[in-house]
């Protein structure tokens, strides 16, 4: 457009300003979570992986959250599971986001090239679309069948599930940034293509993936729990929210709500807390 | 006097004007910002009679677009508008409902700068044009179609079947702009607000389209309120020019003689600064005393 | 003729790549499943000791003795004839299982998605047109929290509240009371079959059994749609094109229709993704409500290392997803022709 | 120092997504050096921007050649390209996107100093401050991000980025089109003054005829990818040969109120 509108770019200015008071409050739950993940196993009153009492005891003085159908302490298990679930979520988010940015960057910069590099880039781009055609939980199931259920294998499986979307987000942004005038200006100022990508394209096109990272984290946690719920996640008695909910589900149907409710609440709170962090870091969404 | 009516001084009276099509008095628009309210428009008066052709000129940030969009009802929701009077064809515009999607002020049409973004990309030209005609006139399907083709011919597009079936992005820039003018006028507005209507176009096309727009509004008996930064264009195609600077009206007068009658230094500077063909051989261009970038 | 092609070429071309995508998908599935560690023969024998002759015979019966490209062509050739082999555990044909399970899952997904889509459409417009309304605010904040409460949490909570406490829902077992017989099979879609056979008892039992799982899916997935639709509507509403529509004098319904049409395509794309999710991913809800569907089959195949069943399952789910993606593409491309291949939208 | 960019029968073809080919530039011969101020006018789509990109080695011809001192830009080695950029600099069109929004203006200005002049940071900053002062810009503004200064100031920074290496040819692509008229004049004066005082060549590409005519000595008129008319400014404006040039000149005559 040749001419800017009368109104100054008020929108961008408003988006940059934050209300510090409200913002820091959203960080508190996340801080508590991290604390629990680190200290949880030390704090819990009972062993989270052993039968400690009679099964199906309702919440009370000895067992704050009751015991599950095997007789394990729900409170200890819920707290102890924080570490496993958060760890998987965190590693998955870091891997999926950094690999997603890398792939998106390489694909986006080379897609319109002629020759084998361009063809390969376009192929990867289509492949990313195809992977998205398969529901994440199915990919998870298959990959777990591959490697067996462990924290590293879960992390790899979830990274494969969640990476394509991150890569696509970055790719779309790279395609936009690639046409920006400041890239030409930097070329004229003597930057080589590599410097250009590292200093200008990367910082300006990775924000959608970073913004989406909290969602990836949430998805990773939910998917871990989902696989646990289906019985293909971490093997019991390893404390993990999804398998705890699965074990508690039949009980909930017959009125013993506690062994499913508490891990479910923990799961939901975690996802909320993380999206709070995402909002704090990356604006209103 | 910081604000001044559009009317010549002999006619400027504070009393309501019964024959006015558009009457705006003391229009003030402020936006809340983190550093306190920002006043975009500060006490602007504007009176238009049927058939008037008026230009509002000014540079970016002068408030000209804000003032005119306030009349059309298209300001951002956070804008705070106040006015002593704001009426179109006798209806008080201040009483309008604030809706998430604003309603049209009956009788006011708008032409924007960029036809590419203004036309709806997912509908064909025919669908957009017919939707307007159908809503404003009771006609049969066939008559609507014929009227649409007729409008296209009036804006100089003779390959009507192809244009009606085309979507905006399939047309050239000039054709799109013509289509936008046709659609804006097809509801027979009594006032056409043109916001930088040709700024994105080349000089030759720009002249042609301004000519077309002026002719068609005259044919409809509509008034034209044009917003522009291009002094030369305003002088050539409007009767009166209002000069805005920092949210206020600083000068106004007949367009053709504004260069001679301008009282405000800013207006005189604005006229002198424009590069012209006849000063192509000058050593230096005249510039405003206020040079941007120099620390105050 | 050329006219016909320029008008319809875009979706014909899109349709033409569908088999290619399916083929690529089939290849990936074949090699992926091949790579899974573990010996199918050992799985089949259940750990019983076997003589080398028995072992070889079993291997040959599974087709594993052939060279890999023979296995591949056999697999692809069978797949084209919709023969996905027999489960190595149960011996039941994968296609037979699929033909009963797929319609059941698809039916569940269609019902849940239809309700979700209608809700998203209505609530989206409500939130965008009446942003200050108290109801709108509640809906908007729920939509913003999309995905925070996973479907299985909602499911467990739903079963506890509506079955165990309130007794509004029957026990979460199956899609109709165990005392009733299955409807006569005409379409394979149970509810539709019950409807066609005018079996009112069966139908009411189905409604009683299905409202909760469908409700869970809707509550879990509708916010994702709604969140995106609200955002797209907001963008479309504030676009210059909307202003020009209003200013040029189009009717109010036309303005809303125009806003909606510009906002829908991205939401429909999301709709496709979630639909694909549900076909494979109603897994969790099916498991919880003991509804025999695709999900249950997948879990069995994985836990029992049944490579034939897994392969067949993946192929079917992939095919359904790819077909849904195709339909979604066609709908979005007809709503917004700029999305059609070969359409250049740059100004100039 | 000789610095000559020679376009020989240059053709640049773009392929649309449907496979249709479109020649944005077709059979253009041009000679650019430090001895003259050359204006290129034409409407949007006439191929001016493609010419600019090829002139700077950002794009290469499909046929014909663009050579700098006899070496084709398309096959230049990295050091030769740096030497070329040292001589030929760009003032870009869109002030709002010609600076990386995440970096300060000083960062952007240091780039040519580091890459092309091989100055260390202190020397670069000194050179930058000198250039900014010559352009009546407060060096303190350089600490800001591009969106924190006005459009006019940004355009001056864009000019400063080009001038800081003291090039022999400055290429301006619609350098004043997005500016308010009150700023346009001063920017044009500044460019003209610099070229006169430093014996630098200028290529001024724009769709605005009056501004181009003011700043240039020679005028090239482009229409649909081809050069339709060229000559000294006065000759092109007042003894017009090509009908397209005539409509262009007439368009300004009418809006300026001068009867044609």
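Order of writing sets the chain letters: A, B, C and D. Residues in each chain are counted from 1.
The working rule: contacts are C-beta pairs under 8 Å (C-beta built on N, C-alpha and C of every residue); 3 or more make two chains touch, one makes a residue touch a chain.
Bear in mind that the values here come from a model prediction, so they are computed numbers and not experimental data.
Between A-D and B-D, more contacting C-beta pairs join the chains of B-D. Of all the chains shown, the one with its CA centroid nearest the global CA centroid is A. Averaged C-alpha coordinates give centres for subunit A and subunit B that are 50 Å from one another.
If you average the Cα atoms of subunit C and of subunit D, the two centres end up 55 Å apart. Mean C-alpha position of subunit B lies 32 Å from that of subunit D. Residue numbers of subunit B whose C-beta contacts span two or more other chains: 60, 114, 173, 229. Of all residues in subunit D, those touching 2 or more other chains are 44, 151, listed in ascending order.
Taken residue by residue, subunit A touches two or more other chains at 2-4, whereas all remaining positions touch fewer. By the touch criterion stated above, subunit C contacts subunit A in their complex at residues 21, 24-25, 28, 32-33, 35-37, 145, 147-150, 152-153, 155-157, 159-160, 163-165, 171-172, 273, 276-281, 283-284, 287-288, 298-299, 302-303, 305, 310, 314, 317-318, 321-322, 325.
Of all the residues in subunit C, the ones that touch subunit B in their complex are 128-131, 237, 239-252, 254-256, 258-259, 261-262, 335-338, 343-345, 347-348.
Subunit A makes touch with subunit C in their complex at residues 130, 132-138, 141-142, 144-146, 215, 218-219, 222, 225-226, 229-232, 242, 245-246, 248-249, 252-255, 257, 260-261, 264, 267-268, 271-272, 275. On the subunit A side of its complex with subunit D, the touching residues are 2-4, 9, 12, 180-182, 184-192, 199-200, 203-204. Residues 72, 74, 99-104, 106, 108-110, 112, 114, 116-123, 128, 131-132, 134-136, 167, 169, 172-173, 180, 183-184, 186-187, 189, 193 of subunit B touch subunit C in their complex.
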